[in-house]
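Chain lettering (A, B, C, D, E, F, G and H) follows the sequence in which the chains are written, and residue indices restart at 1 in each chain.
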Amino acid sequence: MAVSQMFITLQGVLTADQDIREEIRKVVQTLEQTAREILTVLQGVHQGSGFQDIPKKCQKARENFGSVKTQLASLKTKFPADQYYRFHEHWRFVLQRLVFLAAFVIYLESETLVTREAVTEILGIEAHRDKGFHLDIEDYLSGVLTLASELSRLAVNSVTAGDYTRPLRISTFINELDSGFRLLNLKNDSLRKRYDGLKYDVKKIEEVVYDLSIRGLNKEEAVAAGEK
Amino acid sequence: GQRREENENINSSSPVINYFKTFQLELDTKHDKYERLVKLSRDITIESKRTIFLLHRITSAPNGEEILTESEAKLDAVRQKIKQVAQEMKGEDMHQFHRAFSPGLQEYVEAVSFQYFIKTRSLVSVEEVNKQLVFAAEDKEEVKTTSTSDAQNNQLCTWSLKVTPVDYLLGVADLTGELMRMCINSVGNGDIDTPFELSQFLRQIYDGFSYIGNTGPYEVSKKLYTLKQSLAKVENACYTLKVRGSEIPKHMLADVFSTKTEMIDQEEGLS
Amino acid sequence: GQRREENENINSSSPVINYFKTFQLELDTKHDKYERLVKLSRDITIESKRTIFLLHRITSAPNGEEILTESEAKLDAVRQKIKQVAQEMKGEDMHQFHRAFSPGLQEYVEAVSFQYFIKTRSLVSVEEVNKQLVFAAEDKEEVKTTSTSDAQNNQLCTWSLKVTPVDYLLGVADLTGELMRMCINSVGNGDIDTPFELSQFLRQIYDGFSYIGNTGPYEVSKKLYTLKQSLAKVENACYTLKVRGSEIPKHMLADVFSTKTEMIDQEEGLS
Amino acid sequence: MAVSQMFITLQGVLTADQDIREEIRKVVQTLEQTAREILTVLQGVHQGSGFQDIPKKCQKARENFGSVKTQLASLKTKFPADQYYRFHEHWRFVLQRLVFLAAFVIYLESETLVTREAVTEILGIEAHRDKGFHLDIEDYLSGVLTLASELSRLAVNSVTAGDYTRPLRISTFINELDSGFRLLNLKNDSLRKRYDGLKYDVKKIEEVVYDLSIRGLNKEEAVAAGEK
Amino acid sequence: MAVSQMFITLQGVLTADQDIREEIRKVVQTLEQTAREILTVLQGVHQGSGFQDIPKKCQKARENFGSVKTQLASLKTKFPADQYYRFHEHWRFVLQRLVFLAAFVIYLESETLVTREAVTEILGIEAHRDKGFHLDIEDYLSGVLTLASELSRLAVNSVTAGDYTRPLRISTFINELDSGFRLLNLKNDSLRKRYDGLKYDVKKIEEVVYDLSIRGLNKEEAVAAGEK
Amino acid sequence: MAVSQMFITLQGVLTADQDIREEIRKVVQTLEQTAREILTVLQGVHQGSGFQDIPKKCQKARENFGSVKTQLASLKTKFPADQYYRFHEHWRFVLQRLVFLAAFVIYLESETLVTREAVTEILGIEAHRDKGFHLDIEDYLSGVLTLASELSRLAVNSVTAGDYTRPLRISTFINELDSGFRLLNLKNDSLRKRYDGLKYDVKKIEEVVYDLSIRGLNKEEAVAAGEK
Amino acid sequence: MAVSQMFITLQGVLTADQDIREEIRKVVQTLEQTAREILTVLQGVHQGSGFQDIPKKCQKARENFGSVKTQLASLKTKFPADQYYRFHEHWRFVLQRLVFLAAFVIYLESETLVTREAVTEILGIEAHRDKGFHLDIEDYLSGVLTLASELSRLAVNSVTAGDYTRPLRISTFINELDSGFRLLNLKNDSLRKRYDGLKYDVKKIEEVVYDLSIRGLNKEEAVAAGEK
Amino acid sequence: MAVSQMFITLQGVLTADQDIREEIRKVVQTLEQTAREILTVLQGVHQGSGFQDIPKKCQKARENFGSVKTQLASLKTKFPADQYYRFHEHWRFVLQRLVFLAAFVIYLESETLVTREAVTEILGIEAHRDKGFHLDIEDYLSGVLTLASELSRLAVNSVTAGDYTRPLRISTFINELDSGFRLLNLKNDSLRKRYDGLKYDVKKIEEVVYDLSIRGLNKEEAVAAGEK
């Protein structure tokens, strides 16, 4: 019968689609696992003792990013290149998380903002849409906002750990970020809502710097730093 | 009215009707049991909450032991209620009724892990929690009822109930809120060691939960936000202690506190 | 650690502490009572629901009386539970605990008004409902306990509980759902009078609720949508009865049904 | 470290749990596929021509139940026997569907209500919880309610196909079912909602019987049937 | 400053994106307008008099589809071809509606199910993803389900208009559709939910056929048809 | 002090505003009461006996509209004429309800659609924005949609009351309404959602007409009507 | 007719209820106004100069409490005496606020905790439920918690004003309060949430005391105070 | 047909309305852009070096307000003057933001609270409703509350920048504001919620002043200031 034949063909297409999604889900799960492991490594910096061996932690995270590269390389083989946005939702969340982790590593290493190009290099994907599996601009920005909130926590904990200069540097960095975001005309979506949270991070860090200033702890350290 | 009367009479003796009468019994029995479990769960929740309140009253060594003993007694009472749940579950698939008593068990985990932290400064494991939920049936009451029907069960019989890993995780997630309260309380009481211990401990739990991430059920992920906030509060408290401590050499701190205590004594003396 | 120990000892004998101990007692007493009321409310709800199920089993005259008697007994049992609520409320402001037992009372109103409709084809009033909720304290048990302490109370003592107008309205709103079920059941059982009676009655209740509109509390307005749907179902059922009845002269209807009944008898005979 | 070790163990338990669920989902998908095939076979009875070869259709459905048995046998190996209700939600829906299909076959064959025992035999599972993978009473009842609704449809279509006696027999059967269900005190859950639908099935059949009565079609047929 | 420069670049990308969406929205609005006009033309068939001039109505609808073609041709110029799924949500709804309208025309003309290829031809778009702006399979199926519900309404109204044979033909058609859908393994999404509605359409049409049968109106007509 | 003086002035403005709202609320409450009374009167038509004395009920409703006029006249004195939209939310709901009630009366009297002008006359307000207290177009449309749903109920109940011709007339009326609404390009707001409900009313009435047609009850009546 | 009559009666009851609420709301508004005035008087103590004339401010506040008494006396006439908890929500908030204000006055006057009895005397209401319009225990406790938070602010500001002994006395007072509250088993309601805030007040005061201690400012003052 | 004619007229009105909204949205977008630019200019004052050239920043902001004036002038041409509240929601948010920015400039220039009249002058709109496009009182108050929160941040950052007297002046200013707001009887709406946040700003600033006091930094400066 004509109709049933037609539906059999359609089911073929649907099945192929579902198989692709299944494959994607599996790779994404391993990516999430790796991302969680990197997170666990980097969260160590908040512990009092963690401040000494930041380079070692970054090193270890970098090794894990090797696995991320392999997994992302595998992910992009799971579906036709021009259907990125068809399946975007599947990896969107983990990709934002990975952007944050890469940005955190870069910050810890060099106290700079990772560029979109740099983060795609770390992840082994493309920076631009037309080159293939790329990093969507909003996912990049979302990851950067997570970094801001992590840094406000870091500012607090570095004081607890006795490092009084780091908050000052974080403050400068976050202010730059804030000015950057103010150049953007964001839609009223989830990114906008997350950006609204940035001002609390800015304020929190300013208060840390204030606490240090009023006790002269910033100068003290500055002197100490000068002496070194 | 024009109702069919004969039909009814036929039905009442039909095999289908008799068959459904057994269903009626089965369903009612199940629902009644469910209801009893909900009530037990509410009791468990309330008493666990009160135990937590009791434990927050520990602020210094002298009353510590006393309160710990009292909390142990309270938890024993809670466990007696859990025993009743276990009795209801004897021969049943506990997962069938799990939703009825899960809230109570979670609150119990919260209470028992809080007590455990206070005693040992470490996290009670799910195995340790469950070890306390194995109950012997030697109570007088049970022996009495048992001895009439199946006497052979008299001594062997134990009841037990297992807290599931998810119940455990949810209880521990709530524990972090209590730990945060304990931390702020400590700062207010001039105890400057406990906050740092707590922040260390809470960070470990937080790292643990982030490691689990979204691999657990939705209810667990849902609590991550509150957990993160509690951690932030504790980290902020430690930060403040450190910053204000920076204005005075460390070895002087003890002096400061003893001075303060003297002062307070003085005040008290006046009133 | 550097805890202030002396401070504690002072506190434990302070007047503030003793003052707060009375608060602890007062609050715990209140919460315990609230909890007992919640449990009673759950019992009342369940038994009222079962009464409603029982009443739906009336499909013909012969079992009607029997079921009505049985439902009366069930409702008596529910009222015994309500009496316990009333006892808890003795000397209290019932509005303070109203949220605890209001769901149960609403379900009771639903059950009692359903029974009343079946018996009288009319709506029970809130006054009639409340009349049945005045309890004398002559039961053996109470006499026993009362006689020891205040013997003079022995005969005068009554407990009563008032269903509020809003509880009543919410119960009646739910009643309409049961009436709709009864209507569809009647059509299925070949009873063609009851649906028209029910649609008449439901329309009156619907008109009543629209008259009240949004002047009542939010919970009442919220039920209007379901009520409207129940009415539509009943009106549709009557419509269908009318339309299909139009294909045959009215006086033949009785014949049709008796024939049908015969047929069913035949069928039954064969099986 | 103790705490992190504990969480690694817990994560292991959770992962194992998810793996079980994944396995269950796969088997359930094949079960759904088979159930859809049986349904397609049985749907044929509603077609005009389908009334002749009901026995053949039942026969074919019974063969398909062979696959169901194998799949259910596989299902019960996927999780610990005493954790049936832990994973119940996964197969609940398909099991209700299979109960319906078995009940439909039995009804078409013998015009009787399949018992819980009989349906478990057809499905190759246990009737009682303590024996192993069993049939929950509410799932059984739910499947039976689907049967009622299918029979009300069958009553309509048998009239179209010119079979005027079947509606009367269906009417008797459904009335009995209805009386049975009235004995139950249901909670406000999905079973209750489905049971509320039964009244409409009873009503629909009543209407069919009425339509036949006022046209005298019931007697005619009864006679005709008697002659055969 | 490096960071601000970076954000200026990012804003450029975001603006371009927002402009594209704005353009798409405008075209989609004209499409919705045209779709409403076609619907008004076709709704005429439900009216008593409408049954006579179905061919004329179809003709008029076909003319309107000319505008649809132009508008869709314009739509596809508004964004890069490989970002179909990036903006899919914008036209998804109207496309499903247009599929329904095309399927309705085809059914009225030939009482057959429009194929995915045929519908894309009517709309002037591609049938396959890799050729360009195409028709997503789920949007096609969704449009077909709307047709089913429209046909159940048509069956009712054709009886009112005195056409007693059309419901029988619709019944056969819908049953075929139903069997077809039963071959599909749908996910638990909105399409699945809409498919669950199909059984009510099937039932409704069966009841119409029943009403005709019990009154002998189907045979009468069949005879009448034979006589013609 | 300057600041406090300023705030005292501001509070004056706020108080005036709150007083206006309080006044409005009171009038709106009496309007709602009157609206409910009119509704109770008109709902009587659904009762079997109510069909006889429709004119009497309309008469009574018209009298009540006298009070409505007075109350609305009072309402418009409560706030400056150019601040209609400042307080619109307060009376929006009751105004929609009154539109419905007026439209219902008009329909019962003359079986026509009340125009916006006519309804404003009944209510004693303006049809156009620039004339003063007017009827917002969306409020008018919302009231008309409520009428459609009331008429589908009336179609059902008029059959029950033995009036078989009314449903046919209602069907024609509702179809016209439906075509009218299809000319509108509604935003995705509450009005749009309510309009989506219209198709269910259309369908319901078509089914009533169908039920009458298949039993020849429409013709019978038509004949009877002709005889009168 | 019986049913409609019943609903008219019920509507009467509901209207009466709403009238009562309206009356209550009005009195509550005047109470809120008076409470705001008392607050403004007492807020003066936080200002540098305010510390001198605390007795004068308390005096002025006490006068305002006269109006409160009158207003509360009026409030209790608005509803049946035994339905306190039926309308509790309406005055709950303002009553807690008044408890706080009374407690603040008492503290400023005598540095003691106002008892429930004392506060009811100031407000002219009953301490116990069976006597009439009373003070709910949770409202009393809630007001006391607001006092704690106000005192932590006072401790900060008294340092700014150069009064170094007050913080120590506040510390003792608040610590006692804290010990008291720890005895309570609170439900997860708003009181619990407010109680959670108490810890932060205790902490804040502890920090002030600490700041004084490390600077030896506590002793100095103590001596100075002794000298006076 | 009369009905369709009527609906065509109605659609005309609806279209005109939608066009107005579209126009408004466009102007509001440019306003938001300008507001963001002014904000970026003023944010500079929080940076260490920013405290020197406050006048220059204010000057630059004032220039930007020139564009705001032009844009607002354009906005008021987009709709009939008496329908301000019909479209209020569209510009409400940006207007509150502009009020804040104007108030911030005025504060930085003269450490006074901008009056409603002054702010409308800066924005080139009317202060009073009856004059035309005006500033709603609640939007004015909302902007002022944003200023309060910005000033609490400024107090913190001025300490960091070594300016110890500014916090004292801010404290006085904010206390005046707080007293002012206490004169208002706010409804339970979003403004009330924002006002509840004011007390945290007050407290924060008091704590900054406290920090300065206890370290004697306020006196020092006062002396220094006296010497100048």
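To be clear about the criterion, a residue touches a chain if its C-beta (ideal position, glycine included) is under 8 Å from a C-beta of that chain, and two chains touch if they have at least 3 such contacts.
Small disclaimer: the values here were computed from a predicted structure and weren't measured.
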Intersection of contact partners for subunit B and subunit E: A, D
Contact-pair overlap exceeding half with D-E, pair selected from F-H, A-E or G-H: G-H
Subunit A and subunit F, separation of their C-alpha mean positions in angstrom: 55
Euclidean distance of C-alpha centroids - subunit C vs subunit G, Å: 41
Whole-Å gap separating subunit E and subunit G, where each centre is the average of the chain's CA atoms: 66
Where subunit B touches two or more other chains, by residue: 7-8, 12, 31, 59, 189-190, 207, 211, 215, 247, 257, 260, 264, 268
Per-residue overlap in subunit A, given as positions that touch at least 2 other chains: 40, 179, 183, 185
Touch list for subunit E against partner subunit F, complex: 29, 32-33, 36, 39-40, 43, 46-47, 153, 156-157, 159-160, 162, 208, 211-212, 215, 217
Complex contact set, residues of subunit C against subunit D: 49-50, 53, 56-57, 59, 181, 184-185, 187-190, 237, 240, 244, 247-248, 252, 256-257, 259-260, 263-264, 266-268, 271
Residues of subunit G touching subunit C in the complex: 1-4, 6-8, 10-11, 13-15, 18, 82-86, 88, 113, 115, 129-130, 137-138, 141, 175-177, 179-181, 183-187
Contacting residues of subunit B [partner subunit C, same complex]: 1-10, 12, 31, 35, 38-39, 42, 46, 59-63, 189-194, 253-254, 257, 260-261, 264-265, 268
Residue ranges of subunit F touching subunit E (in the complex, touch as defined): 175, 178-179, 182-183, 185, 203, 206-207, 209-210, 213-214
